[in-house]
Amino acid sequence: MEINTNLLAIFGFLALGFSFVTATDPAPLGDFCVAPSGSKFAVIENGKLCKDPKLVTADDFFYSGLNMATNTKNRVGSNLSVVTVEEIKGLNSLGISIGRADYAPNGVAPPSYHPRATEVLTLVKGTIYIGFITSNPDHRLFAKVLHPGDVFIVPFGLIHFIWNIGKIPAVAIVAYNSQNPGSIAVPDIIFGSKPPIHPQVLVKSFQLDKKTVAYLQGQEWN
Amino acid sequence: MEINTNLLAIFGFLALGFSFVTATDPAPLGDFCVAPSGSKFAVIENGKLCKDPKLVTADDFFYSGLNMATNTKNRVGSNLSVVTVEEIKGLNSLGISIGRADYAPNGVAPPSYHPRATEVLTLVKGTIYIGFITSNPDHRLFAKVLHPGDVFIVPFGLIHFIWNIGKIPAVAIVAYNSQNPGSIAVPDIIFGSKPPIHPQVLVKSFQLDKKTVAYLQGQEWN
Amino acid sequence: MEINTNLLAIFGFLALGFSFVTATDPAPLGDFCVAPSGSKFAVIENGKLCKDPKLVTADDFFYSGLNMATNTKNRVGSNLSVVTVEEIKGLNSLGISIGRADYAPNGVAPPSYHPRATEVLTLVKGTIYIGFITSNPDHRLFAKVLHPGDVFIVPFGLIHFIWNIGKIPAVAIVAYNSQNPGSIAVPDIIFGSKPPIHPQVLVKSFQLDKKTVAYLQGQEWN
Amino acid sequence: MEINTNLLAIFGFLALGFSFVTATDPAPLGDFCVAPSGSKFAVIENGKLCKDPKLVTADDFFYSGLNMATNTKNRVGSNLSVVTVEEIKGLNSLGISIGRADYAPNGVAPPSYHPRATEVLTLVKGTIYIGFITSNPDHRLFAKVLHPGDVFIVPFGLIHFIWNIGKIPAVAIVAYNSQNPGSIAVPDIIFGSKPPIHPQVLVKSFQLDKKTVAYLQGQEWN
Amino acid sequence: MEINTNLLAIFGFLALGFSFVTATDPAPLGDFCVAPSGSKFAVIENGKLCKDPKLVTADDFFYSGLNMATNTKNRVGSNLSVVTVEEIKGLNSLGISIGRADYAPNGVAPPSYHPRATEVLTLVKGTIYIGFITSNPDHRLFAKVLHPGDVFIVPFGLIHFIWNIGKIPAVAIVAYNSQNPGSIAVPDIIFGSKPPIHPQVLVKSFQLDKKTVAYLQGQEWN
Amino acid sequence: MEINTNLLAIFGFLALGFSFVTATDPAPLGDFCVAPSGSKFAVIENGKLCKDPKLVTADDFFYSGLNMATNTKNRVGSNLSVVTVEEIKGLNSLGISIGRADYAPNGVAPPSYHPRATEVLTLVKGTIYIGFITSNPDHRLFAKVLHPGDVFIVPFGLIHFIWNIGKIPAVAIVAYNSQNPGSIAVPDIIFGSKPPIHPQVLVKSFQLDKKTVAYLQGQEWN
């Protein structure tokens, strides 16, 4: 009987204890390809031209200073400092980067996303409230209070925010699976673009009146 | 002399007329892998389980209806209908999808992004103003008025908007290099998340007062 | 009992309603990397050297003319015009391209394939018969008649053909998930290669006599 | 002066001796993921379900018999036997496969392509003439006579053919960078598809008369 | 004159200030795909089956405890604790993971490599000496003393070691661009494999006598 | 009843006979991109700069000599000669390479790994014992005796060794799914690095006394 056969098949199937390991991550094409520094052409430095391997030293894979607090005396009371291929030339073609985030008490990281990476945030000090929102049509908020030693994932490309809800400065180490994850702080991009987005688009999109949009586009953004 | 040798080398180098063709796009693992339909488990349909190839028919690679105007009688006066792997099961694992966008006169597509794809928009009818904004710290706006037959690219993951500046409905065909590009309409995601983002985060991020944030979070969003 | 436990497990497993979302599509390394134009070295233009971002304008992401019928007064009565990274420099590294196909009444697109992309065809006007064939050993034909608004997928790398079976010119928009999908029209490649394939290879491969092969190799091909 | 500065810059640039190492190859997600065998569901075996690692043995990474000549007593006098993930379950997710090709004297491998892989052919015995043809619009033939120990590359997805021009059987080892490269023998796919392509399409595409097309579609193909 | 033209061309070329942004990192296929937990089938949990999105909570993206020192009372005086997709189900398909390493004074991480990831190490406490060695034929050592706040990169797949040269325990945060980077501690793998490698292979490979190899294979390894 | 419904669903599910075909392999961006030769800048030749397609010939895809025994008169009695993009410029960007391995009677290939590729080994002559070891914490040995015509897979990045246990020289063809797989012979890398690893690290890591480590670091390595 058809069904019985299937039933046996599925038992055999499960009894084997299958696992799923499927997709692929990228592997580079050589041991390393250090981006050349010291050139006048800054744009070249960000790219794929490799420094002569004979001239490469350990310093090309090194960066110093993630133990230093960064300046959070700004409008939002936070600072994100990402060490990308710009700062560690040896990251070139390796698909990973690291950073440090500081949050003053009550400081926030405004709703932002990284267009080219997943983020892993590890809280080192303080207490933060962190959340991300999924895409349309669900736009569900997943949020959590973090304490030192806590790790939280922000999936690839999703909008997330952070709020220091403690009484002391908070510090986090953030890791990205891109050598150049990019960062898009939504309020700054939308109300501070150069040149500005036509106000009528924002009025209709945000359900705001013209005056509020004009006020927002007149503010200083990062 | 060192420099002269280099000079000759570079001339030879250029005389050869080099081209650069480097990165890779993905290739699938089989001719096709149609997502199974007819299951009660909708979530399975969106994935990588393949329908028995013997049962696959031409209809698994087919979709009908992109010639039909979609309903733009909504708050923003626009509608985006994307045909992803959900609608064409045969798109599974193939890394591409297509859609139709309708814009009523004066309608807008609010600032949005696709977290997993580049978009190619081809205007079929009407006149639209389209723009995208680059990431921090530059947030430059690149914008253009489009007429029928015009094509515009929105690079991977960047925020873009559209405004129908003509007197008739506008229609565009949009293509994405992902079978499931995702869509994040920024105002809806940020002011309409479920549950809501804590208002204090939005007050600080958007430079708005509590009352305006409360108003915004009280509106209806998509 | 082992089997019972498995049975429970599988029910729990299904009750959870699993979905499958597995493989990855590529993300670029920066907001964009516009291929440089204006150079004498055409081969460089097709590649990965990026234009100085400061000099990039909206026109680098723009193309005009897909609304214009192309010339189908040729042997097969069809024309495919693909807008690749050659035409829109901003497509560089973004893994997608678009095109327009015109088919005169009774015109055909000969059996062809794109070695580096899946194709999504959207019929805009007319009536066509389209099909693709799977690889060895099955070589099954999947074919369909399309009307305006219909979408059909040609999986990555498979041979497909199109025939305008209507009485008016047919027009389609085609999208590819490669910035340079390539196009291989089988008859032209095989009987019109430069230099020609040795006729003996074709005689044996196609079960044709020498005379017919000589005739074919003597014809004009694209 | 602008140009002089650039000139110095380029000398410094070249003096550094840059190398280019850029794109990425895929890396799997685990040590291995052996496709399960012994299941009634053959289609599952070809996929990504992994055998329980505890039950994996060295035989899952093993295949025997590439030293045995295969049967070339067929219409074209050749035989290609590819060892894919179907034959070596341990190849699953590893992106590589191997095969053996036999060519009787005067035998040919008809114009064919692998839609998902580059091929590296190493001739072990005999003398063959091998060539591949590039895509439109150039369709250039690159061909070569090979002797034992010679290696020839067929780039990803391009049409190639082989002709045994020696007096003894020829043998080659072929490697592909896909666990399932696929094989499309052009004459068989086009004239032997099931169901057949409408003859009118072939008449127009191949510049053949109806009778010849009918004859071809009536032949036996692989 | 050919060369002059080229010279002009190159000047124009450089004056444009090209940048190089070429390869691609992977993007997932959906917002997330949480690996299902609570199943008896541990092997499934490590894979690509997704938990029903409706049942996903913030805890699926959360891990606690990286602030806790791990046990370094072992033979080498070090401990590496990696938080992979096994520990944070939400990491599934996202291509990144994080960990904590503890080194007792004088403790070492023996020569090891991660077969599927680049590593970024950030020293949080103490003083370590870290190095990696390139592949054949150069096998160059790149090494560095690190202090708190220092970051060091170990390129994809290369052998590296760490030595706590300070007087206090050292602590590092390590990030990998794989959800399952794997770890291969060379002495343990080679002298502690199960079953053992035939001693004759090791005698010849390591230039050791049989007695030393027997002694080594008799030791306890991790 | 919930469970019954699920039961029916799973039967329907299985009756369909699903297959799994999921991850992706890379496809290049053009028909080919031959690395330029004849330049003084050897490091450029290893990269992504393409030779002018018009100057490309069949020889760019050709290599001769894999039929010639290589010299195994060395300490380990073996030799691996890999034909990478350095030797066949046309392999550039195509993600595959090939090689020949010779093993004198009793010769060994010391424990080694390829950081950027899976290996497929096909034994052409002789009798070898081959094995690979999985990563921590299992480090299981999978080993096999091979005879001519046997194929064995070494999964991506794992340590493997070979021992000629026959009385005649053994010969193998090896294929890699990378144009530059890299090779790391563990004893040579660890005891022969330049400059040497600090002996204290090796003493602790390998459970050897200082004298033995000093002896090993004093030997000649490849």
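Remarks
All chains are identified by letter, namely A, B, C, D, E and F, in their written order; residue positions are counted from 1 within each chain.
To be clear about the criterion, a residue touches a chain if its C-beta (ideal position, glycine included) is under 8 Å from a C-beta of that chain, and two chains touch if they have at least 3 such contacts.
Just so it is clear, the structure is predicted and the values come from calculations on it, not from any experiment.
With centres defined by CA atoms alone, the chain at the far end from chain B is F. Judged by shared residue numbers over all numbers used at their interface, chain B and chain E contact each other through mostly different positions, with under half in common.
Repeated interface: A-F and one of A-E, C-F or C-D share more than half of their contact pairs by residue number, and that pair is C-F. Each chain gets a centre from the mean of its Cα atoms; the one farthest from the centre of chain C is E.
Separating the CA-averaged centres of chain A and chain D is a span of 40 Å. In terms of their C-alpha centroids, the spacing between chain E and chain F amounts to 20 Å. Contacts with at least two other chains are made by residues 9-10, 14, 17-31, 41, 43, 46-50, 52-53, 93, 95, 115-116, 131, 135, 138, 156-158, 178-180, 182 of chain E. Contact residues on chain F toward chain E in their complex (touch as defined above): 22, 48, 75-77, 108, 110-111, 113, 115-116, 129, 131, 133, 135-141, 156-159, 161, 163, 182-198, 200-202, 204-208, 212, 216, 219, 221-222.
By the touch criterion stated above, chain D contacts chain F in their complex at residues 14, 17-28, 31-32, 41, 43-44, 46-49, 53, 56-59, 61-68, 83, 88, 90-91, 93-98, 116-118, 120, 122, 124, 131-132, 134-135, 138, 142-144, 147-158, 173, 175-180. Of all residues in chain E, only 10-11, 14-15, 20, 22-24, 43, 46-48, 115-116, 156, 178-180, 182 touch chain D in the complex they form.
Of all residues in chain C, those touching chain A in their complex are 2-3, 6-7, 9-10, 22-24, 27-31, 48, 50, 52-53.
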